[in-house]
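Both complexes below contain chain A, partnered by chain B and then by chain C.
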Partner chain A sequence: MFFHIILERNMQLHPRHFGRDLRDKLVAKLMKDVEGTCSGRHGFVVAITGIESVGKGLIRDGTGFVTFPVKYQCVVFRPFKGEILEAVVTMVNKMGFFAEAGPVQIFVSNHLIPDDMEFQSGDVPNYTTSDGSVKIQKESEVRLKIIGTRIDATEIFCIGTIKDDFLGVISDPGATS
Partner chain B sequence: MSIEPFNRLVKLAARAFYDDITKGDNPSKNTRSDNRGIAVVVLDALTRRQWVREEDLAKDLKLQTKQLRRTLRFFEQEKLIAVDHRKETAKSAKIYNSAFNDNNNYYVHSANGNGNGSSINNGGNGMGDDKVKMHTHSYCCLDYAQIHDVVRYRLHRMRKYLRDQLDDKNKIQEYLCSDCGKKYNALDVSRLISMEDMNFHCERCNAELVAEMDNAGEGAGEGDDNARKRSREKYNDMLNRMEVQLKPLVEQLNRVKDLAVPELGSLQAWEARALAAARAANGGSGGDPRANQGFGTRMPFVGEPKIEVAISGVDDTGGSIAAQNGNEPIKVLPPWMIKQGMKLTKEQLGELKEEPMDGSLDPLGSSDDKKKAVTEPEDSKHVQEEFMKAYYAAYIKREQETTVAASDAHLSSTERLVGEKSKRGDNDDGEDVEWEEEAPVDENTSGNFKVDLNVEAGVSEEEDEDDIDWEEG
Partner chain C sequence: MSRQEEEEENAAELKIGDEFLKAKCLMNCEVSLILEHKYEQLQQMSEDPMNQVSQVFEKSQQYVKRFSRYKNPDAVRQVREILSRYQLAEFELCVLGNLCPETVEEAIAMVPSIKNRSRQLDDEAIEKMLNDLSLIKKFE
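This part shows the complex of A and B:
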C-alpha cells in the first residue's frame, strides 16, 4: 500500500556547498540518499514529493560539516499481510516462484500454487496446468495475495499465495508470443 | 412480494448469530443489565413492523430507549436495519404516534370540532411553534435485501475460514535441511537461494533443503504434527457442526433465493405510500361511523416540509353536515397536492382538515370564511398551480369587493356556505383543520359562526393580511 507521509532526516552537508544553492544542494542530496531506500517502519521510499521545512544548521565540531534537520514529504510503499498485489515473476524453481512488485520481493511456495499446476523443469522452468492453458514462468505477471511479511531494518520480504479466487496469472508472455 | 419467508430468515439468522450478543463496549461493567437475547427480541419485533420510531419500539418492548438504541446501532453496523433520522415537532410526533400505532395503517386522529386547548394554541402560535419544538427522531426498519446478502456473506466467510484452516491455506511453508536438520521457513528463502541451481540450500552445510510436508509424520517435530492433526480435527468438527446447526438457515436462504426481496423503501417513500393507502382505506370506509363522530384521519409528515392532513369531521353542532361528508367518498390526494399542501401548512401551522380533496387548499382561518365561501366554488375546479394563480387573482379581487361589505358578509356567510361544494375555514374552534377539501363542513353552516383563533381579531383588514400571507407561502 502506498502512503504519502512526512519524514524527517538530519542531512550533513559539506561546507563547499554553502552558498546561494545551499537549499538545492540539500534537496538533491536528500533525494539521492533517501529515494529507493527501505525502512522497516515505513517501507520503501518511492519518491520525495516536497520539502516541508529545513531547520537551522548545526556546525559539527572539528569537521566543518553542518547538520540540517529536514522534513520532507514522500511516497512510501509498504506491503501488508492480506494485501493483493500484481507482480512480475522473476524466478521459478521447484519450490515455487519469486516475483517483484516494484521494490518488494515476494516468494510463492509451490503449495500455495493451485494444485492443478505442475512444475516443469527445463530451459524455462515454469508451472503449467495439465491442459497447458495457464503457465507461470519468468516475466509472467501474476496477481497474488500477501500472507506473510518479514520486515527487517533495511529489507522487506513477503510470501504470497495465488491459491485463491481471482489470483494467478494475469498475462502470459509465452502465450501471446 | 411476500415478506413472510424473509421474516423467517431474519428470525433464523437472529437465533443463529445474535443470540448471545451483548451490546455495549463494557459489558462487564453493567452486569445488572444483562441484555443477552435482546437482539433476538428486537429483530423479531422488527419483523412485525415496518418503519418504526425507536421510542415507540422501546415502549412496545418495554426496553429503555438507550438500551434499545445501542442494540439498534449494533444492527445498523451489522447492516441489518436501515435507519433514518428526522427532525420533528413534538406535535408531529404525537400525530405519528396516533397514526402508526394503528395496525391498519388507518390513521385516525380525533380532530373534533370542539378542539382541545393544545390544538388551539398551536393554531394561534403559528409556525413559530413548529420551529421551537424540533426534536430529532430516529426510525428504523429491516433492510431485507441487505440482510439476505449479509447472512450469505457471513456463512461464506465462516465456511471459507474453516476450509482455509483445513487446507493449511495460509500456512507458511517450512523447509528442512536433510543433513543437519535445521529448519527454515518461506520468509527466509530470499537468502537461501543458490545461484548455481536456483534451489534452496542450507546456510550451515549447503545441503539442499526439502519442503516439509504436512503428512510427513516421520522425522523431526512429531509433536507439531500431532498438534496439527488435532487442530485439523477441530476445524473439521467445527465445519461439520456448522453445517448441521445452520441447516435450517441455509435451507431458508435457498427458499428465499429466487423470491423478490421486500423493499420498504426510504422512510419518506414508505410514509407516502402509507398515506395513500390510508386515504384509499378512508375512501372505502366513507360510511364509517367514525367519520360521523368527528374523527379525522391524520397523516404523518412527509419530508421536511411538513404536511399534516387531518380529516376533521364535524362537531356536534354540525351533525347533519358531517353525515353528509361521511357519505362522500374521499378522493385520493394526488402527489402534487401534497406538495402544495406542505407549503400551505407550514405557513399556517399545519393543521389541516382533510376531506374529499378537490384541489382546493385552504389554509385560511375561519374568519375569512365568508370570503372563501364566495371564492371557493371556483377553487375546487382548479388543479395544480394554475389553480393557485387564478385563485389568488380571483380572491384578491373578491377581497376588494368584500372588504367593503365585510360586516354584512359576515353575517350572511353562513347561508352561503351551506350546501357549497367546498368550504374552507371551518375552523370555528381553531381546530386543526387547515386544509379543506372539497366538501369540508363548515360549522358555520350550522349557524355557529366562530372567529378563527388563528386570527387574532376578526377585523376584516387583518383577514386580508392573513390571506396574503397564505398566498405567498
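This part shows the complex of A and C:
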C-alpha cells in the first residue's frame, strides 16, 4: 500500500552552501539522499512531496559541517502481510512465478498456485488450467495476497499466494491474441 | 517491542502498526496524480527528467498507471468522498478503491476487517457502497 507520511532526517551540509539558497540546497540534497531508498520500517521512499520544517542548524565540533533536522512529506510504498494487491508477472518457472507491485518483488511458489494449474515449459513458460481457460505467463496481471515479508536493511521481499477466493489472474496478455 | 509488532502484522485484521494505521493511505489513482505532478515539475527543471528519478519512482509510476481504476482527478476525489462516508479505516478505504470488488462477498474477502470490527457494516451498506463506486466508474 502507498502512504503519505511525514519523516524526519538530520541533514549535514557543508559550509560552502551557506547563503541565500541554503534551503534549496538542503532540499536538493534530501531528495538525492532519500528518494529511491528502502527501510524495513517505512518501506520504499517513492517521492518527496513537500518540506514541513527545517529546524535550527547545529555546528558539528571540529568539521564545520552543520546538521539541520528536516521534516518532509513523502509517498512511501510499504507491503504488509495479509494485504491483497494487484501485480504484474515478471518471470515464470517450475518453482513458481515472480511478480512486481511497484518497487516490490513478490514470489508465488507453485504450492501456492491452485492445484488445477500445471506448469508448461517452452518459449513462454506458464501455468495453465487443464481446460486451458486460465493462463499465467510473463506480463499477466494477477491479484495476490502477501503471506510473508522478508525485510532487510535496504530491501523488502514478499511471498504471496493466489490460492484463495477471488485471487488469481485478472488479465492475460495472450487472451486477446 | 518492534519485533513483536512485526510478527503480529496482519493487514486482514488491520494490524499494520500504529504509525501506518494513523497515516494517510493513498489509492493507486491518487499516487498516479501525485507522481505525474512531480514528474512534470522535474521536466520543467531539466531536459532529461527520466535521469533524475530513481528506479523506485519509475517502477511505482508504471505500476500505478497500470492499476489505476479511475483516471480523471474529479472521479478520484469522488471515490474517496464516497468511501469516507462508511467509517472505514484509511487502509480499508484504499484497498477497496484499488481493487473495486463487485460483490459483497468479494469485498469482505478483500477487506476482512470490515466485518470484524465493532462498527459492523452490514451487507446492505456494503452493497450500496459498491454500487456507488461502480457508478463513478460508469460515468467517468
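Here is the rule we use: the second predicted complex is superposed on the first by the 172 of 177 C-alpha atoms of A that agree within 3 Å, B and C clash if a C-alpha of one lies under 4 Å from a C-alpha of the other, contacts with A are read in each partner's own complex, and residues count from 1 in each chain.
The working rule: a contact is a pair of C-beta atoms (placed from the backbone, for glycine too) under 8 Å apart; a residue touches a chain by one contact, two chains touch by 3 or more.
Just so you know, these numbers come straight off a predicted model, no measurement behind them.
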- Message: Which partner chains sit in contact with A:V66 here, chain B, chain C, both or neither? Use first/second/both/neither.
- Response: neither
- Message: Going by the contact rule set out at the top, does A:T49 touch chain B (first), chain C (second), both, or neither?
- Response: second
- Message: On the A-aligned overlay, A:K94 touches which partner chain: chain B = first, chain C = second, or both, or neither?
- Response: first
- Message: Per the contact definition in the header, classify A:F80: touching chain B only (first), chain C only (second), both, or neither.
- Response: second
- Is A:H111 in contact with chain B, with chain C, with both, or with neither (first, second, both, neither)? first
- Message: For the overlaid complexes, name the partner, chain B or chain C, with more touching residues on chain A.
- Response: C
- Where does A:R143 make contact in the superposed view: on chain B (first), on chain C (second), on both, or on neither? second
- Task: Report for A:I159: first if it touches chain B alone, second if chain C alone, otherwise both or neither.
- Result: first
- Query: Common interface residues of chain A with chain B and chain C?
  - Reply: 149, 164
- Touching residues on chain A, where the partner in the complex is chain B: 91, 93-96, 98, 105, 107, 109-112, 125, 147-150, 157, 159, 161, 163-164
- Note on the structure: Note: in the complex, chain B contacts chain A through residues 168-173, 175, 186-190, 193, 198-200, 209, 211
- If you look only at chain A, which of its residues touch chain C in the complex? 1-5, 35-38, 41, 44-47, 49, 75, 77-78, 80-86, 88, 100-103, 141, 143, 146, 149, 151, 164-166
- Query: Which chain C residues qualify as touching chain A in the complex?
  - Reply: 2, 6, 9-13, 15-16, 19-20, 23-28, 30-31, 34-35, 38, 53-57, 59-60, 63-64, 66-67, 91, 94-95, 98-99, 101, 105-106, 109-110
